[in-house]
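Think of it as A, B and C in the order they're written, each chain with its own count starting at 1.
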Amino acid sequence: MHHDVLERWSQGNSPLHRRDPRAKVAALLVFLPALATAHRALAFTAGGMLMLLAGAFIWARLPLARALARSALVLPFAIVFALITWAAGDAGRAISLVVKSYLSALAVLLVVSTTPLPVLLRGLELTGTPQFVLLVAQFLYRYLFVIGGEAQQMSRAAAARGASARKLMARSTPFRAAAGALAVLFARSYARAEHIHRAMLARGFQGHFQTLKNLRFRRSDAAFALLASLIPLAVRIAMEKAIPWAR
Amino acid sequence: MGALVEVRGLRFRYEDGTTALNGVDFQLGAGEAVALLGPNGSGKTTFVLHLNGLLTGEGTVRVCGLPVNPQTIPQLRRKVGIVFQDSDSQLFMPTVLEDVAFGLLNLGMDQPTALSRARAALETVGMDRTASRAPYHLSAGEKKRVAIAGIVAMEPEILVLDEPTANLDPPGQRSLTELISHLPQAKIVVTHDIAFAQALCHRAVFFQNGVITAEGTVTEVVSRLDWDLTAERSKFRP
Amino acid sequence: MHIPDGFLSAPVWITLDAAAVPTVGYLARRAQRGFEQTQAPLLGVMGAFVFAAQMINFPVGAGTTGHLLGGALLAMTLGPVSASIVMTAILAIQALVFQDGGVLALGANIVNMALVGVLAGYLPFSLWGATRWRRFALFAGGALSVLVSAVLALSELLISGVPMSGRMVGISVGVFLISAVLEGAITLAVLESLERIQPMLVRRPAGRPSRVLGALAVAAVLLASVGVLFASEAPDAIQRLTHQTITEASGWPVKSLTGLAGIALIYGACLLLARVAARNRSV
């Protein structure tokens, strides 16, 4: 599963990895709207922002080519709509859809591949995101592998049983068999959650998670947040001012 | 003060009506290690869940001299540490260190103390190098060690281990036996692994259909178990 | 349908983020108040279940397969409030870890799938789940959740000025209908299997659904179905409106500032609402 790669990347050690998650989120929340609302000289602005992001990936000692490829996950959706837009006669917008969605995905990827997800969630918690939602997300992420592994086992087992068993039970169509497998997976996941809860109680859980290690927002984090917000804005301004002929 | 654990006439029935325990009498002395043997579904796991009030049935259960009731449960959760069979359900926090510290923080310990104790516990089980890793990247043996660290860190008086050697390869089983035998607590070990029980436990009890049907040294109980299995098998012969 | 960043115009994503964040905050508070944080592992594991469910393929015919999307299924097993929280967590993880759906567009995706989609999926169930129309209610819940979410997403794209011919809109709605029927069939089949093995896990709606919930859900469904018509009928008008107020009339600084101000506004609103909610709770 590919979030494994992301996790390895996020464990790295670079100045970018060491920044407080809040600083990175703040910069991202400036970068994304700056990109999303860019209109004039988009090609140049986008080019500039691509350079910035690429530079950041190199600074973080992450494999740039693989990061670029990974962000392409967003393209199937974007390209479908780009084609529809193109067909409707708006080629400029078609290109802008693809470029903006790709660069936005790359920017998000930069943040999550330099911040382990639990740390990122902790950072979001300190900015006021409801703790309960983040806890749910944390458990979700923790058990992706576990439940995913169970699902894989089940679909393999179903494949191994194959068509012969299916013929025996004339009423059980492949559709029903899949539904049955999913119901079993649901029940197992539910039981898993009960076991987790039991293990929590056994270690004295009283209804609230006590969180470990408080993040420290240093001066360097503030400086980083400021710079990382201003530079993309500056790039955009420069491109739009300097290239008046580009529409 | 006599036994650490004293159970008399314990009965328990699940919500769906199945009787899991049907009058269990059991004792655990200080420093003792007892193996709970018996077929699947005979009530071993259900039994140990009564020791810190995760389940409550009829009969008397006293742990370290305390009865099990809502007032004593917080204390009992500290005195009885349970290492569950499925490490994935036990290690639910994002990193190893946070998981080991989970119980300590629940005890109301402040962060620095909890952290240093969690690190010490990880060292005890030889897993201090994995502190910042995510639990799901560990091997089955490593997960089990971390799970044990999470319990040992709370310094319980009684250590309950539910099928600790399940899913481990033989070298993993050996090193785990070594580790567990060096832990100072009194132990209750639910297991199917006879060699493991023999290496670790002074005494064994045999569960069948929710009652203890045999008691003695591991070897004695095992010979009884073999006898039962033969009897069981002979029923299926035509 | 996870909308990526760069597709929605600023007024659209700002509005929807502003709608989503306080709503999720309120729901999280409600979910937490009911069961403290004790419920967090269950909701998280069920979220992982929805992810894993994508690996189990349902043969649809002609060599193609579909898979469960899950909003309605969760609503009918965990209840609508918990289901919304689970779906929100799923969307957040998808946006962050799997580059599926944007971060600025997260509010839009949450409104579409985690809030309105879940509510629409729960509506037939709460109305007819306890009657002899139960099977129909299970099916309709699955179908409606997907249809309403997809139609909402489409309207948001249209309002944002993504040009689409009338025929294209027609084709899209056709595709949505097919996936809606599929989700309905999967939801029904899975819940029926689940009732056979673990009947306790599927909810029984109380005889009469709460009026507020019913009204909200009906409103959501109406909004979604009318929304796309409105958006496709009058894209020019809306486009003109948004362009005049934001794009054309002002240069880049105003546009960027609008974006930032939007975020600041959302943040402020959330903190305020959270404060108010907390005060209400303590009273």
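As a working rule, contacts are C-beta pairs under 8 Å (C-beta built on N, C-alpha and C of every residue); 3 or more make two chains touch, one makes a residue touch a chain.
On a predicted model such as this, the values are computed, not experimentally measured, just so you know.
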Could you name the chain whose Cα mean is nearest to the mean of all protein Cα atoms here?
A
Top of the farthest list for chain A, CA-centroid basis, is B
Just give me the whole-number Å value for how far the CA centre of chain A lies from that of chain C.
19
When the centre of a chain is set as the mean of its C-alpha atoms, what distance in Å lies between chain A and chain B?
39
So, what's the distance in Å between the C-alpha centres of chain C and chain B?
44
Counting only residues that touch at least 2 other chains, which ones in chain C make the list?
41
Of all residues in chain B, the ones touching two or more other chains
92
By residue number and range, which residues of chain A touch two or more other chains?
117, 138-139, 141-143, 146, 192, 196, 200, 205
Which bits of chain B are touching chain A when the two form their complex?
49, 52, 54, 74, 77-78, 81-82, 84, 86, 88-90, 92-95, 97-98, 101-103, 105-107, 111, 114-115, 132, 134-136, 150-151, 154
Partner chain B, residues of chain A touching it in the complex:
7, 11, 116-118, 138-139, 141-143, 145-146, 192, 195-196, 198-206, 210, 212-214
Interfacial residue positions of chain A with respect to chain C in the complex
2-3, 6, 28-30, 32-40, 70-71, 73-74, 77-78, 81, 84-85, 87-90, 93, 96-97, 99-101, 103-105, 108-109, 112, 117, 120, 128, 130-133, 135-144, 146-148, 150-152, 154-155, 174-176, 178-187, 189-190, 192-194, 196-197, 200, 205, 207-209, 233, 236-237, 240
Can you tell me which positions in chain C touch chain A when the two form their complex?
2, 4-8, 10, 13, 24-25, 28-29, 31-32, 36-38, 40-49, 51-53, 55-59, 68, 73, 77, 85-86, 88-90, 92-93, 95-100, 102-104, 157, 161-165, 168, 185-186, 189-194, 196-198, 201, 247, 252, 255-256, 258-260, 262-263, 267, 270-271, 274
